[in-house]
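The following pair of complexes shares a single chain, chain A, combined with chain B in the former and chain C in the latter.
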Partner chain A sequence: MISQNALHHAEKCRFCWMCRHLCPVQHQTGREVNTPRAKGLLLSMANKGTQPFDKDMAQAMYECLLCDACTNDCATGYQPPLFIREARTEAVVNELAPEAVMKLIDNALETGNIYGVEKPSYGQDGTDVLVYIGEVAAIQVPQMAKNLLAVLKKAGVSAKVLANEPASGVMLGDLMGYTEEVRQQAKACADAINAAGLPVVVLDSYDAEIMKQKYPEWGCEIKTDVTTATAYVAKLIASGKLEAKAGTGVQGACHDDDRLARTFHEFAPIRAMAKAAGYEVGEMFSREKLAKSCGTAVAYGYMPALVEKIAASRWEDLKRSGCAAMLTASPQAYLCLSLCVPEGKALVDLYAALV
Partner chain B sequence: MNNILVCVKAVPATTSVQVDGQYRLKREGASLQWNIADESALEAALSLKDKDGTVTVVTMGPPKLEAPLQDLLARGCDRVVLITDRLMAGADTRATAGALRAAAKRLGPADLILCGRRAIDGETGQVPGELASALGIPCVSNVEKLEWEKDRLLLHRRLETGVEVLSARGPLVVSVCEYAYSLRLPGILSMRRARGKTVERYSAADLGLTAEQCGLKGSLTKVTAMESKFPGLRNGPKETDPAKGIQALRAMLREVQP
Partner chain C sequence: MQDKSLMFYMIRSELEDAVGAENVSTREMERAVYSVDYFWLSRKWQDAGETGPMPDIVVRPGSAEEVSKVLKIANYYKIPVTTWGGGSGSQGGALPVAGGILLDIKRMDKVIDINVEAGYVTCETGIIFATLEERVNELGYSIMHLPSCLTCCTVGGALAHNGIGILSTKYGKMDDMCLSLEVALPNGDIINTLPVPKHSSGPNLIPLFVGSEGTLGIMTKAKFKIVKQPEVRTHHAFLFPDIHTGYQACREIVQAVKPSIIRLFDEAETVSIIKKIIGFAKKGSFMNLTLEGYEKIVEAEKEIVLSIAEKYHAEYLGNEYGEKWFENRITFFYPDHIMDLPQMFGTLDTVATHDNIEKIYWAMKHAVEDGFGEYGVRFISHSSHWYEWGAMNYSRFIIDNPPEDPEEALRLHNRIWNAGVRAALANGGVLNDHHGVGLKLSRLVKEQYGPALQVLQALKKELDPNGILNPYKMGL
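Our next item is the complex of A and B:
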């Protein structure tokens, strides 16, 4: 059942078509059905009964990164991710979601992560901060998690990592919308974090978003400070606890991931990290709030070929900027960008660069 | 098996409150939401049901409440009932409690009846007590935690001076504090289960109520005047100096609540 609020958003469009120029999915597929606008139109038709909500419509709702670029740009306040999440719930309830999506959901419900494997243990039991690693870094980009912990150690910060870190709920929420199953994951995660009683440093900005925005709404607020790892490390640099490195002579551009760019509007910390790591900071054309998504881990899980194309398009942006290195501190961005690093260009994990 | 009945009220969203010429809230055009303390009561009921029992929801209001009631089925409620009839318009707390009593009787025995402790529109907090009195059963008010202890309920009741824990056996009416529980989201399984269910509708006649027992006619009280004491954010004095601003705020509060 799609809520009135979601339908209200789906109906808001004034057909200016600006959004079709900025949707990273539509850029790659070229299909009309992949424009943000079309998704609203489809849902509206399903609501009016002029189109069935069938497998094709469900498929269209999953061909979206929930990157929020359209929301950021639309002058009418149209928010596709809001109704797309509800449409995904509808697809799962009515068993219309693509098989690859259902496999990830089953994994997440059974094992707590979409990969269906056990998360590694870090054996860290520090006392200053709790580092929330997240399932993408823990399983897909483990080196970045280790590098962040090494950076903190170098700055004299005693970090703890939960032994059996619970899922934040963000992956499940992207796959099937915000349902009670997602809230239960969130609650278990908040309970574990609150039991630790330490300020939280969150490596993956997607996890940070759900913790800061949804947990309070769902009655499972984290009682201590929640900070993105990039903001925390930038503070360590500013306070002199983490020393800047000598210049590398390499010009790099920072990739602003979807959540840092459009939820937290956090642009300076990653650039401060790049400078402290010795990079000359250049810029890509689409950056900060207008940053183009390079894909997400969850989308890569069910449409890998399309995500690789989307990541390749981000590399094209880097080529146009004239920079030699793509700098990132996001595990999800690192995962996607690493799929297709062009010759002569480097993908840099900024935590590794700061160790 | 515990049968729990939850009485909920749809109130205007706090951003869209309007009053008609007879000092009644305009509910027709307004966007409605479940009263926050009633959501708390609903979650308390669903939490008890997680162990055992059934949850039936009853509300009184316009037909457009069918969709939000369907949503409650998707959140795990077993049965939802809408009392809707033009005769019921303008009901005060006594007429409301009368309609709820009639619905409770028709729905069959409940071990526990939960209500929010007060609604954010009328703010009277009278319905739970009136309903209990009409049904001839006890009422425990201002409860912020409910748990089963064998066949008895432990009720944690908020007082001005602390928390009182009572042990009670049903049937009884309990009014639950706002924010004591956060209402769960619809779950995939409960949404699937809810697909085949519908909202049951009762009219005044279905409940055996006459026109004299309903709405304005069945009410003992009537709002005869209403006055806004709040100067309004836009119309109030503007101060840019913090110290002067605090003084102005103090003066304003004294004026509103002498």
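Our next item is the complex of A and C:
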């Protein structure tokens, strides 16, 4: 079944409850099976032969955002997403994955994205940096992609975007684990980026994560610098290439997206962007490394109702903070948070605010 | 209940009508995760490839009214109902050993009201305690209930076994913090305790349910007092020559001032766990102490504490180790930091008056070490909750290489528990301080109460004549 390493993590998590309070899925459903410990326990039971790894168990493995809040909390360093992701591979290989998931996988294998559509081209030639747009922004949140490009132009940065930008592999990797198919997508993406020979600015932190963490492991390292768009734009602000705007008089709180917060521990840039955009920066109680997830584009693809509830819960956090606006520079967060903007509150694309 | 019978499906459809079909499950995978809680034996069972106790149906009510409907159905058909909050209890109290309905209350997770002026918060009992605490923290307040299971237990679970947190010496335990309760009785009636916990208007109903482990009713809402976060919180550490002087000094301290934390470790725990986590490596009895509140008062309390510690020849270790302990207070409980299988272990916590607590320490230590030396048992202990009148011991036994066979392990496990608990009972202690009775200690309840047990039995018989609530637990 799953690897010995993943099983070791599952066995360690099966009797540990310490991170359950941070699981956004468990918070919404209240189901015991939606806790990291239950998923570890089920895989341990499957390994011991006391429970079958069947469609029900496979379904449980997909009721997770892979937001990494559990890993971030673990004082020892155990990683539930490690065994959950491998269990997803097992589910796909044995044709046990939910139908809705399989449809997304088929789409991603065919087109590189879960939507099964041709990715719009943002192709433009530039000489300073290569901007990697990613599937979610390109297809679901196109205005954010355009706004980032506009911000770079305003700062005098000559940006290139690949005409036929290949998928990074992150969508497929979250859906079926790190299989050979994912590695092939990654390799094609890395080859295209390397051919451009420019430093890379990545709009979606999910793409940035796989590029920076998995590509080197898979022997397809990107040879130029890979920077998150938020970090890059914050540097433009700090260097004076992007001027701060006048105060809006609006207090906003930054949503720290899952992978930016927990993979890259990157919190300051988005706040610098918010300040430069003229917002008074407030804070939600759950923030930075402990920020509650608001959902992901992939999870929204196969469990939209649950993701909407998770996003609504994040809006509740904002309401209690007293802030009027939710500020984000993440296409995935923007997509999920836009599902349920409460009356009297605003969802702000920080790139748009900086143009 | 007999699975796959006509009646099974009839009852399931009634339950679905009560709470919604999406909140009722008979799927094996969903039921299996309730077969293991934090009880060592349930873990051992699973680890050995055995199947633990599973419910027939998982029911997840979203309100007190839905709990009431479920109980009416269960009471009519005489179906066992075991309530599950976080499942993080160490006594097997949430294990569905009689099958039937597993009532998972985590959908009941609303914060109903926070009133900082009056100083209380009201919530549903399925909320994870850490989530409730965060909501209060957002406003600069705290319930001051910070147990090691803060992040995983529900409010209902903490109330059910009358839990305690690390700040208890100043702020008390669950029964000190709870102001009122809403409870669903086994017949489905929803009752409220009186609006306040202190009065002369008849017996207080709160203690009937707090600590009753789901055997007398299901607590559905609770009101707790909240307090402002302290102006200062200062941590200190001391080293006493031995546990005896430590006990004496701590008694004198809690009879003079009000620290929030006092943790006195015996010499064995000082050289093992404290060394591992805090990095302090000296022989003697380590003690960390925390003072908090208004700075002026804390300063005055510190002077008194230092003078008492000096009187008992304690070495003052300054702030560093106390701060380290506080920073790592939860680290102790993560995998690889806490005992784990294949080890056998258990926490024989008990509480007694000051004149008995040290006697219990030695009696329990001898009972465990002398009685089970052939298994290479180790005994470590600390005292972490103190009152003007007494203190508790958090004594633990550890066997690194217990029998592999689960049945043989169960026998040894229960023999050690019997010996340890009887040593406490014989010297003025009780079955347990703050983890509860559950399945683990149920058999010993009669020994503890003696003829007084009839009071509890009468209550149980009157409130739950069909015995549906949490069967085989608490000796009821």
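Following the convention adopted for this analysis, the second predicted complex is superposed on the first by the 350 of 355 C-alpha atoms of A that agree within 3 Å, B and C clash if a C-alpha of one lies under 4 Å from a C-alpha of the other, contacts with A are read in each partner's own complex, and residues count from 1 in each chain.
In this text, contacts are C-beta pairs under 8 Å (C-beta built on N, C-alpha and C of every residue); 3 or more make two chains touch, one makes a residue touch a chain.
Since the structure is predicted, the reported quantities are computational estimates derived from the model, not experimental observations.
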Determine, for the superposed arrangement built on chain A, whether chain B and chain C clash or fit.
fit
From the CA centre of chain A, what is the angle out to the CA centres of chain B and chain C, nearest 10°?
90
On the superposed three-chain arrangement, identify whether chain B or chain C touches more chain A residues.
C
First (chain B), second (chain C), both or neither: which does A:2 touch?
neither
Does chain B (first) or chain C (second) touch A:176, or do both, or does neither?
first
Should A:219 be classified as contacting the first partner (chain B), the second (chain C), both, or neither?
first
With both complexes superposed on chain A, which partner does A:150 reach: first (chain B), second (chain C), both or neither?
neither
Thinking of the overlay built on chain A, is A:21 touched by chain B (first), by chain C (second), by both, or by neither?
second
Have a look at where A:192 lands relative to chain B and chain C in the superposition and call it first, second, both or neither.
neither
Across all Cα pairs of chain B and chain C, what is the smallest distance in the superposition, given in whole Å?
17
For a test of understanding, state which residues of chain B touch chain A in their complex under the given definition.
67, 70-71, 74-76, 181-182, 184-188, 190-192, 195
Spell out the residues on chain A that touch chain C in their complex, using ranges where they run on.
12-22, 26-27, 29-33, 38, 41-42, 44-45, 48-51, 54, 56-57, 60, 73-76, 78, 285-286, 320
Per the touch rule above, chain A residues touching chain B in the complex are 1, 3-4, 89, 92-93, 176, 178-183, 218-220
Given the complex, residues on chain C that touch chain A span 27-30, 32-34, 36, 38, 43, 46, 49-51, 58, 60, 84, 86-88, 104, 106-109, 126, 128, 130-131, 134-135, 137-138, 149, 151-153, 330-331, 333-337, 340-341
